[in-house]
Each structure stands twice: as structure tokens, then as C-alpha cells.
Amino acid sequence: MMDSGFDRRDFLKVMGWSGAAVALSGCGNTSIEDGKETVVSYVEAADFVIPGIGVYYNSSCAQCDAGCSINGKVREGRVLKLEGNPASGINNGKMCGLGQAGVQHHYNPDRVREPLLRNGNQGEAISWEKAYALIAEKLDGVSGEEIAFLSGGVSGHLKVLLGNYLSSFGCKNHFVYEALSPGVVRAANKKAYGVEMPRYNINKAKVVLSFGADFLGAWVSPVHFSQQYAQFRNGADGQRGVLIQVEPKMTLTGANADRWVPIRPGTEGILALGIINALGTATGDIAAAVKNYDKVRVSKETGVPPGQIDKIAAILKLRSPSLVLAGGAAEGYAHGSQNAAAINLLNHVLGNVGKTIVAPVTVPFPQMAPAKGNTAALKSLNDGLAAGNFKVLFNYAANPVYTAPGAMKFKDNMAKAEFKVAFTHYLDETALQADLVLPLDSALEDWGTQVPEYMTEGAQINILQPLMENLHPNTRGMGEILLALIKQRRPEEYKNYEDYYAYLRAALVQNKNAFGGHSMDDDTFWNETLTKGIIKLAGTTTALNGGTNVSSLKLPTPAEQDEQFPLQLIPSVNISLRDGRNSNQPWLQESPDPLTTIVWDSWMEIHPKKAAELGIVEGDIVEVTSRVGSIKTQAYLFPGIHPDAISIPIGQGHEAMGRYAKGYGVNPFKIIDTVFDRETGELAMHETRVKVSKTGQRVIIVKDESAAGAKQVREKIAGRVSTDNVDLSKEV
Amino acid sequence: MHRFLRISVLLTGLFAAVSVYAAESLQTTQMTEDSLGPLVEQPIEFPHNRHAGDAGKGGMEINCMYCHTYARRSAVAGIPPLQKCIGCHQGIESVREAPRIKKLFEYWDAKKAVPWKKVHDLPDFVRFNHERHIKRFVEQQNRPFQEVCGYCHGDVKEMTVARRSKALSMGWCASCHQKDHAVVAEGGTQIGSQAYWYTFYKPEATDGSTDVLKAKGPNDCWQCHK
Amino acid sequence: MKDIREDIAWAKINQDVLKSLENPRKLYWVILFIALAMLGVAVGCEVYQYEVGMGVANMDNPHMWGLYIATFIFWIGMSHSGTLLSAILHLMHADWRKPIYRFAEAMTTFSLLTAGLFVAVHLGRVWQIYYALPYPNERGTWPNFQSPLLWDAMAIFTYLSSSIIFLYVGMIPDLAICRDRIHEGWRKKLYTLLSLGWEGTDRQWRNFRVTYLTVACFLIPLAVSVHSIVASDFGMSQQPGWHITSFPPYFVAGALYSGCAAIITLFIILRYVFRFEEYMTLPILKKIVRLTFAIAMVWTYLNAVEFASVWYSHDQASKDVLIQKASGTYAPFWWAMIFCGSIVPLVLAFKRFQTNIPVLFAVSLLLNLGMWLERWMIVAPTFSHGIYPWTWDHDQWPSFVQWGMVFGSFGWFTLLFMVFCKVFPSVSMYEVKEMVYHRSQQSKKQEETGKFAAAGKGAH
Amino acid sequence: MSISNLLENWSQFRHTHPVEDKPHDPYKWAMSIDLDACSGCNACSVACYAENNLPVVGKEKYANGQVMHWIRIEHYWDEDVGEEGGREFPDQGAQFLPMMCQQCEAAPCETVCPVGATNHTPDGLNSQIYNRCIGSRYCSANCPYKVRYFNWYDYPSTENIWPAEMTQQLNPDVTVRGKGVMEKCTFCVQRLAAAKVTAKSEGRIVQDGEVQTACQQACPTSAISFGNLVDPESRVHKQWRAQQVELDKDKQAKDEKEGGTELRGYRILEDMRPYPSVMYLERVRESAI
């Protein structure tokens, strides 16, 4: 397909004078014109470059951590559209909306284009040489302990390089922070199965009982799970899978469930134990642990009717194998670990371990394995900053000023570091606090490798490669920057690598035997790798070896009614905006939230019954007050939420990050209590209690849903049929 | 009163007749009429006549497809990369010092594409497909390139820089699409089965004696406007 | 009371009518200026809309059509009364129409001109409006003859041109009078040109009568068809509330209704402004009022027919639209329409109000308002509450651009009408003369027969 | 452009729907959407924005109902959820429905356009010709599904819709629409055209799976199938046949049967006789739980 990477870069060039003018004059040029426009032409062109015909490159999606492989369509040197790469086991050629919007990350008009140095409140454009020199100067005489590096999840060669850079000045303070991470579930899984993230075979389960795991929406690897879900619905042996979702606020997965069970927030573990009790198949320790969780008590504490518990137990008993998942809604409490442990216990009791929960494969290069982000890291960083332990702070792919709970006062603590460097694409909230802002290449311009945390049958390393020439001449790849920085410290070791591309190529080609390139020469192997965009490996399988130790399982009985703050705040995760790092991509802003169809704003979901009690109607601007603060947003009456809870989506309320993000909606992180999971130290996102009061203002909510209130009213628009009345076996 | 009625009937009839005549006759005039476009000044005054012209007139009879190679593979004909010009011209010493060639090499040395101006620039909502037309008329009907290309581009081998000489209006395109064209002519390549034609009209053997399959061009709007 | 005094001298008629062409009073200029200002608002709105896009009118999906189409129907409807008075009543030999038909016909022409503008204003790409014309072109394409909108355009264009011809032809003898009475200035030239050398010879009168009659005959089917076609814009679609077979007669009745109401309004204004009490007499007014009342009842009946046929049908979507009209966000307007269109005209049933000018003036304005609301209530609720519930939208209201354009259209109409009244005789002189002559002949006859009868009686 | 040509072509343009005697051959593009698989994730909609140069209109215009999504995800609650005496919670979930132009065979929009800017193609698509459109919006007024979107503003020149950088993303195969024209889902006609050109040059017809619409390609649960209904080998053809849904019927024979049917294929607003080309498969819910 191509000769070598360097020639290829030439072809990535945007051809013609302005690709933009060609496309945009759509309805402008309405008659024959002679000699007004210029023809797209080349100086030199490879055979496969034909004007008017797309060229496709395989790369990887960097919009979230799921690690989907993409196939980018490039025309005349411009990347137009991303499709899924069918060769990837993770997304099999499919793409979510978030991934599609990757081009808007690349073409975003608000990207930082020059290295910026703080000068008062202004950023002053400086050269890269100066920026690098400045970093060297600031690091000079600072001990390794005084340097902190904050990043989002990193993996692959970037992680290797980063580790080497940090160790070059003896820094061990690498904080890996993801605002939304299944940190508690990982820990509970480690205990129950011996691995942090086992492989879930949703497609092989006949019943999936999910405690708030939004696997179709934003949980772990949604595109992969969505495909499994489709197979699960068709049924491996003709029997359609049954999905039961237990959660206080309906997620996208809940909306697709056969039975959505609203539960009192925080009592998920109790219900899990209640189901074990109702199953009656447990023996020994487990039976003893659940013996007090009879239907009546469980029903009283969780609010789930006893009949419902029986039904769930019956269907789990009847149809095997099943799969029980613990997700965001169950883990977000001070006793989140206990909840997750109780839920995992259910899998053991049902005998799902080894059937639908199987051993994961990992890439046999531990140094490349993903550094998994969590929220406990944020707490220790924040504590360190507050104590003034860090003089220099690096920040990459995290935006803690926006995502840290308001009560942490991260912004103030960050100011205590003397020199803050942000490697960033946009001037987000955190970058605005930095002293030096270094602009990064977009994921579609950069080289790199990715090792996804959640992998399918085979292990894979994803390749990131540029789909087009740099849009802005003065941005650089993170790998490129790290290489330059590490050359400051260890020039001898890295002098052979002219740039990150050379480093990456050398690193991969060196190990080509491990990557299945035995019989190929270096160039062939490299070209093959780039063409495929994925390196598939046998991988090593970590066996499951967890236990069913129930001695430490202690589930608190739900707290009594809190008079002052009567409602539980559920910061919900929106399928497209997630933790807000992609909020400046207009396609996502205009993509309606599937359940409420609200766009470009935040809202507060409240059950109609509760709303009637409080005298709230749709569009009322309400003030949501917690112990740490208050925010104002519009109320939306939503039947899919427990009456004791309200929910505000995360991802909006940016105070920076450009024209498409700034000033839309509110940020619920601002009012989240700093309560942590007792075992893991992860932030307990659902532990905040709030009160809601009307402000007297009212707006018309901007949403796609109509005055009919999401009812079909007359004729059949969206049909639904019960399994009794359908024969799926005859279907094609 | 009768006279009055007579006059109005007469006038109405006359109007109708003129309209029908105008409507019917337009077709033929559009087919043949040449509509000369303005002269377009190009960065280099490229002599098409030297390259493609008849040998008798000092031309070299180079095939259109030699340079405009994309036309048979893509909707867009494109302009040959500069590389192609240089490929020949670096071996042709005789004209090496000619001003136009010197300019050409200036672009090459600067590694800058020549900013050629579009001459046949259709509105942006019109999508003409070169590939299909060449496949249809050059490969299947075995007609010479210069005739097929010339149908829309005029007699380029007589020009220096190209100049539009056909109307290229919608009616002009449509008038050709409405004609029956033989599917395959002698010496042409038969491509696939007949199913290929069914997209728009099944070809009909027009008269029993010749037994030649003929078909019209597509006439659905989305063929060209999307 | 008599429709007109029989003893008015012909010279006085000429004098009275031509007086209306004299230099205008101050009030005239004031009104003209106001009308111009109103038009200015509309022009401003149109320029804004043209530059920025139709979105500024606050239309959306599903509110694809708005006040433009509603007001378009209103003006088309307005035009019908002129034809009713001038053509239909002409054929029926109702000679009381003679003093008032001229301005009614002018009204027809001008309201059609106004309506036509609304078509242009409504289009998203008005600069491509010629695509809708069937003429040989270099694209080799025709417009779509299946579209009711195209029939509409054709019908309106035909109706407009016929109306203009009818207005002009009927004016020729009067123009000749003007030519003869006015001796200088641009008007003299204008009248000379337009009167086509009218001498009043027998042959000219004979040809004139034939032409006039022919155009009148031609105009009547046009008038009926124009509004039927406008109705088929709606009736031929599948939308709930539109897909009703009674729409064409309903629209025609509505058209005549609003036209008659407008005639009453203008009658009163002209009568006052030009002191036409001698010609626009109360008995004539009474006749129009009674006609209006009759049409109002027809309209009410057809309305009831429409509701009933929707109510007793199985078309749930149409029923919902009807319920929505009566109880949803459009309810105030819908009930206002019922009130203005069906309740207010009941006033006209009382004899003492039939000649009460202030009451009639108020009533006629209310009727017009009601008829405008009727058109809006046909267009908007169907869009807001269509077949597909997901797209229901009851809270999208027209923006100032739409209102400005509607407002301005009245200015445009007034402007045209005011100019017409100052340039052309708004009362038909020769026909009033005819009327006076016929009436005097008639009364003479009656007197004679009366005498004869009396005499006969006496003889017995 | 001649009278005789008009009369001749009239029937060709107007009667290519199967209700008349002219069946599609060799192509009839059709779709089937499995609502049981659809999770309502919006990936299709975003893919459509990317493929078809749809403008992002922003909050203010969205509030005015002027959004331009060619494919929208509707969600429905059961009728009794939240009603007086009804269920308190939507405990059987929501029902998602991707709604786009149904490419009706007897499309209500086609007959009413005054300039013939929307026509039926021989492939059974409902074409929308931007450059012919004069913006009367009659088509949308007459569309039962309200899936036609009007360019209320000149989006290319509106601030922040396509800033200079973002214009580079625009698909050159799709015309960027200016103000005052109607637009709607095209079944990605630019992809169909490209596939047909390839197939034609190889002397065959387009095979199943050779061309995908953008929404279909993105859909993570593969709920959308698209293909040639005429081709007996295509998945869409098999699905329609298995579900006993016939294109040219306004009432399916299976629905007439006593006791209903076990098949879940249906078309929306079928009884209005637009003969839509999109078949939906009903969502299934477990009765045992």
C-alpha cells in the first residue's frame, strides 16, 4: 500500500489551495464557470492517489479508553470520516457516536496552536525550543519527589517513554486519574475473580442481571458490549437473552432492559444478597451470610417488591448461564466495594465464573499495559498539592480542575505548585491554570500505540498513525514531546531516534518476532503493521482464581430519611459527553441524550411523583443544594428515576474549552461531597445528598422530544411484542 | 361579436403553436450549437495542439489518456502531477530553454504544484463521472479517445490552452442522454451480462434487421445531482 | 327608500365623481404616509429574511408554513367579492351594484397583487421562482404539473390578469370622460392613452358591451376555481384537518364572506372620504349587508359540516386536530374566529343595524379579523399537531418578521387603493348614469301604469 | 425538453412505484431495522452528520425546532407510564425508534412539489434535488413522518457552524446545502452511486454487503440492514420475505389472519399508503420477568 512512512507523509498533504473552498461553495457556484477555481493537482503522486477517490488508513480511536480500531477515509489529503476497522476484535467495524466525532476533535477550531507561556493572564506564544529549555530550567535543582505527573489513562509506548522520563529524575509521582473509572469494581473483581477486569461473555449469557452497569452506554467498552448484546438478544441457541437492570436512575442499558427495577440508591448489595437468599442454592459461609436477607427485609430496605425478587431468582435459576454485572450505580457509595462484592458473589453462586466470566488475555509486555486511571489518585495528588509537596506539576489528558469535586478545591491547591505544565489540545479549565501550555497533535495526526484495558479473545496492540498532515504546523505529538524531554536527561540513550516515529518503528520492529513478523523483513513488517492498524498477539491468559470470602461483607442498612437533604444526587454519565473531555465536539452537543432528548444543556431528572410533591414542572429552574454548594439547572420530569433520587448529567458546565463547550449547562462535580469508598479510596460519586428548591424561573427545555411527551398516542409507531407472541427462530 | 371571438381564438392558437414549436425545436439546436467560453489565462500557456495535435500540423498525437490518466479511473479527470510533465521534458533538450518550459522547471524546483485554472467548471451540485463515459464510449464502443473526449471538451487538439466550446448546460447533457446509443459496437469490449443495463432502461433491439442493442443514458436526477 | 335618487343630473354625477380626483386633502397624505410606513416595515422584514434565511420567521419542523400562507389565502379570498359584485351581479342584472362595483373590482386586483407577493415571500429561494414557470429553457425541465401549488400559481396569474382586464375595460368610458374634463398635466396624457380614442359611438358601445360581458363570463369560473384550487393545496394533502372534501366550497364561501366584509369597510370609508353619499346610498349598503349575512350563514353551515364530518369520521388524527384547535394553545384564536365569523354577523340580521354606519364599520372589521383567523387556524394547528406525534409542537409562534409582513401587506394594499382612488374614478360614472336613467324610466313607467290603473279603476 | 418528451417521461417519473405495473429492476434499495437490537445510542445519527455534511445548528436554533438531523432517535414510554392510575415507572424500558426518510414508493412529498425537485428514482429512492428546490416546503407539509428538514438559514455562512478548520471535514461527494432548500435522508446515495459505478464497470449488479449506508455501518448492534430488495440473495430481501412484509401492500396478509401473527415486521403508517421502504421489526420483551 505504501513505500515507507516518510513518503507517505507527503501524500497526507492537503492538496489544492483550499480544500475548504471546494466543498463549501455548494450552492454558491450555480452556473458554468470558466477559470475561476483552481484544479487540485499534485507535484508528485503515488499510484494509489487518485483525485476523487478516497484512500483509507487504519488507526485507533482515542475518544475514550475502549480502544476501538478505526478506518479513516482520506480524500485529497483531508480526513473526512472515521469508520470502524472490521479487523478489530473490539469493535468489529462498528463505531459509536463519540468515536465518529473524533474528526471534530481533529478539526476543532479551538485547538491550541502554539506553545503558550503564562504572562499574567495572557498566554504568550513561544517557540518549542524555548519551551523545552524552560522545562529543563525549571526541573533543574528540583528533586524527583517534588515533581508530580498527572495523566489520564496511558498505555503502549507512550507509557513506556513516560515511565522512563519520570525515572530519569527519580520521580515516582505518576498519578493516573480518570474521573469516571470502574475503580471499585476493579478492586472487587480482583478479590472475587483474581483479575481486575475479567472478560464478560454477554453473548453467551441467557440472563444478564446488571446492577447499574451501563454497558450499552458508557461502561468499559460499550461498542464491544453492544455487539455482544445484539448476539445475546438473538440467543446463541435460539433462546433470546433476558436483560434485567437494577438501578435507581435509568441508564441507556436500563432503557433496553426487559425489566428495569428501580431500587433505593445504595442498596444494590442488599438486593444481591436477597437474591442469593431467594435462590436458596448457596451453601456454607454464603448461606450463612445471606440468611438474614429474607424477601421481606430486602424488599423493605431496597424498595423492590418481594414478587420481583422471586421472579428474578426464578429466572436466574431457570436459565443458565447468566451474568451479573456491577457497574457505576452500585459502586458509587462509601460501601461501594461491599456492594460490588455482594454482586460478584451472586456470580459465584450462580456458577457463572468460567462460563460468562472468563479469564482475560493480556499483552505480554507489562510495561505497555495500560495504567488504569482512578479517582483515588486524584485524592493523593490533591493532598500532596495542598501540603505543598510538589513544585512542578505536569498534566496530560486529564482535566481535574473541571472534574474534581468542588470541595477538594483542586484549583487552589494546584496554584501551590510553582510550575505547571499542561500538554493539551484545548485550553480547558486545567490548562488555563498552567504556566506553560504545550499544544498536542490530534489523535488523527499523531503516532502511537494503544493497549486497551478490556480485550476480547485475542490480545491486540492498536496502532495510531496520522491520517493527514498536521493541521496546525506548530503542534506536536505527546510522544514527540516526551522524546525531546527525555533527550534532555538521557541524550545518549535516545540519540538514535530522530523522532517519535523512528522510536516507535524501532521499538516495534525490534520485537517483530513477538508480533508475528518472523518471516518478514523490517520494512515489510512495518508496512503490514501500518496497513492493518492492529497487531494481534496470542497474549497471556491470567487464570481466574478469586474466592468467595464473605467474612468481610458488611452492608449497611440504608440511612434514615435526611430532613435537610432529602434526595440522593446521581451524577449520571451521558453516552456522548462522558466526563466532559469531548464536550467541545458539536456533533456530540447536538446529539440528543437518548432518554431525555435534551441537547446543549444540563438538566435535573426528577420523578414526576416527587416533582408533583415539590410543585415542580418541566422547565422550572431549580437550585440543587448539597452540603458543599449549589447549582441551578432546569428540571425534567423523568419517570425512569427513583423518587428519592435526582440526577444531573456530567459533561456540561465547562468554564473553558472553546466555543462549543463553554457556558452550556452546569457541572455537578461542583456540588459532589468528598466521600470515598472505605476500601479502595475511590470517590463515592453517588453519596451526595441534596435538596431541591424552585427559583421561580421557567424555561422551555431544548429537546427533540415533542409536546406529545414521548407517547405514541394513536397508531403503532414503535412496536413492541411479548416473547409469548413471537417466534424468533424463523427470523433471518 | 363573432369577429371578436375569432380573433381571440386565432391569437390563442398562434400562441400555442409558437410555444410548441419553441419547445420542440430547442432540442436540436442545443445538440449542435457551440457555445464558446471565455479565454482562460493559465499560469503556463500549455499548447495542447503541440502535444495532441495531428502530426501533419506539428502535433505529436499523444493520447489524451496519457496525461489525463485519472479520467478513466475516477469521476474526476484531474490534472497530471507535475512529475509527469517533467518526466518527459527533462529528456527533451531541444525545448529546454523555451520560456514555458523554464517556468515549468521553476515550479518543479520549488516543488510547487502548478495552479492550473479550471476551464470546464460545472456548478458544484453537478457531478459528472468521467470514468463511466470513457468506459461506455471508449471501451465498449471502441471509439477513439479524441472523439469521445471531444464530445464535451471540443476539438482540444486544435487549441493551445483548453477553452470551453460546448454549452455544458443541463439540457445539453440531457439531449445526449435521451439518444439511443449502441451498447456495444464492433471492436468494443462486452462487459458483463445484460443485467448491467437494466439500471435505467432495458436495452431494446431497435429494429429487427440490425439487432443492435441500444440504450439511453440515465435520466434520473440523482444521477448527477446529489 | 330608493337605491339612488332618480333626479341627479348627469353633469352632477361627473362633477361629484371627478371631484374625488382633485388634489387630495391633508388626511389623504397622512394615510398614504402611514400606508407607506407599514409597507416599509414589510420590506424591511423581507430584506432581513432574504438575507438571513427563512428561519428568522420562526418557522420550523413541523411548522413549515406560517402566516404567509394564511395571509395569502386571506388576500385571495378578499379578491372574490369584487368579482361577485362586478361580474356575477352584472350577469344577474342587479343594477344596485353599479355605484360600488368599481372600487370592489379594484380591491380584487390589489388583493390579488398582495396575495401574489405572499407566495414570493413564502418561498425559501424566491430568486429561483422562475423554476415554477413552464417555459422552454436550457435545463430541459418542466415544473411538476401534478402539484396543486403549480395550479395555484397558474390560477392566480390568470385571475389577476383577467381582473386587470376587466377593471380596465369597464373603465374605458369613464376614462374618456376624465380625458374630456381634465385639460392639462400628466393625467390628460394618461387618460388620453388609456381611453383608446373612446368617442361613445354606437359601434363602440356595442363592442364595449360584448367585451365587457365576455370578460365577465370568463371571470366567474376563474373566481370559483381559484379558491377551489387554493383549497386543494390543503384538501389534496394527507394531513389531518386538511384532508376534507368540503374544503373547496368552504374556501369559496369564506372568500366571498371576507370580500363582502371588506366591501362594507371600504364602502363606508369611501362614502365618508369622498362624500359619495349620493351614490353609495344606505339602501345599497343594506343590500350588501344582507348579502353578507346570507354568506355568513353559508360559511357557518359549511364550518359545521366540516366539524361534523371530522367528528363522525374514523380519522382520529383529524379529530385530535379539531380538539386541539378548540382546547390547545390555539384555542383563543380559534374561538375568536368562531365568534367573529359566526356570532358577530348575527348583528346584521337586525334591521336597525343594517344601516347603522358605526356598527357596520365595527362589525365589518371584526368579520375580516375572523376570516383572517380562520385562515390561520386552517394552516397552523395542523402543523402543530400532525399525524406523527413525535413532531408535535404547540409552542412555536410566528416571529416579528411574519407579523411585520402581514402588517405591511395591509399598508401595501391601502397604498395601491389610495393611489387608485386618486387616479381613477372609483365610482363608475357611466353606469351610475345608466342606473339613474333606468330608474327614472322605471318610475315613469310605474307612474304611468299607476295612472293607467287609477284611470282604469276610475273607469269602472 | 419537448412536449412529446414531457408526455413520454411523465409516466416514467411518476409510476416507478410497484403499485403500478413497473417493478424495480435491478435495484430497489430498502432497509429493515430491528428495534429489539436498537439500543438508542445515537451512533447512526452522528455518523449521518459526518457523512452527509449536516450542520450543527446550535442551541438557539435547536430550541426553535430547526435541527437538521436526517435520522433521529425517538424514544417512547408506554402509554400508561406516569399517567393517573398507570404504572409509576417505565419498568419495561423505553422504546427507541430511529426515524429517517422512509423512501416511500408512493411518496406524498413527490406529487406536491411544484418544480419536481423531489422524484422517484428507478432504484426506488425518493430523490431530493437541492439545486432545483425553490423552498415552497409543500413536501414537508405533506410528509406524514415529518422527516424532511429545511435549511432555514444559510448554514455554510453562519458563524461557528463550519469554522474554516471544520470545512475540511466536509464530504466532497455531498453537496453542501445553502439556505432555502429542503433536504432529507438519501440512503447515502453518494455511496450507492459509487458502488453502482464500480459494479457497472465490472458488468454486474451491486452485491449484498458491497454498499452500506453510514448509519448501518456505524450501528454497534447491527440493528440496521440495508440492501437491494430485488436481489433474492440480499439480507434485506430475506428479512422482508421472512416477515411476510410486501412492499406494494397497504395491509399485509399476515395481519389479516385470525389470532394475529408471530412475525414482528411492520411498516409505520402503512395504511396511509405511502408504501415505505423501511421495515421495522418490533421490539421484544420477555414475558417471564
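A, B, C and D are the chain letters, set down in written order, and residue numbers restart from 1 in every chain.
One rule holds for everything that comes next: a contact is a pair of C-beta atoms (placed from the backbone, for glycine too) under 8 Å apart; a residue touches a chain by one contact, two chains touch by 3 or more.
Keep in mind that what you see is a predicted model, and the values were worked out from it rather than measured.
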Most centrally placed chain - per-chain CA mean versus overall CA mean: D
Selected interface, B-D versus A-D, where C-beta contact pairs are more numerous: A-D
Inter-chain centre distance, chain A versus chain D - centres from mean C-alpha coordinates, in Å: 31
Centroid spacing, where centroids are CA-atom means, of chain B and chain D in whole angstrom: 35
Geometric centre distance via CA averages, chain D-chain C, whole Å: 44
Chain B and chain C, separation of their C-alpha mean positions in angstrom: 55
Residues of chain C touching at least two other chains: 136-137, 139-141, 388, 390-391, 393
Where chain B touches two or more other chains at once, by residue number: 23, 26-27, 75, 123-125, 169, 171, 174
Per-residue multi-chain contacts in chain A, two or more chains: 25-28, 30, 52, 700, 705, 711-713, 717
Topology of the chain contact graph, where touching chains are joined (line, ring, star, complete, other): complete
Chain A-facing residues of chain B, complex: 37-38, 40-41, 70, 73-76, 78-83, 107-108, 111-125, 163-164, 168-169
Complex interface listing, chain D residues touching chain A: 35-37, 39-43, 45-47, 49-51, 53, 56-59, 62-63, 67, 69, 72-77, 79, 81-82, 88-97, 130-131, 156, 160, 162-172, 175-178, 181, 214, 217-223, 235, 238-239, 242-243, 260, 262-264, 266, 268-269, 271, 280-289
Footprint of chain B on chain A - complex, ascending: 15, 17, 25-45, 50-53
Residues of chain C defined as touching chain A within the complex: 316-317, 320, 384, 388-395
In the complex, chain B residues that touch chain C: 1, 4-5, 19, 22-23, 26-27, 30, 167, 169-172, 174-175
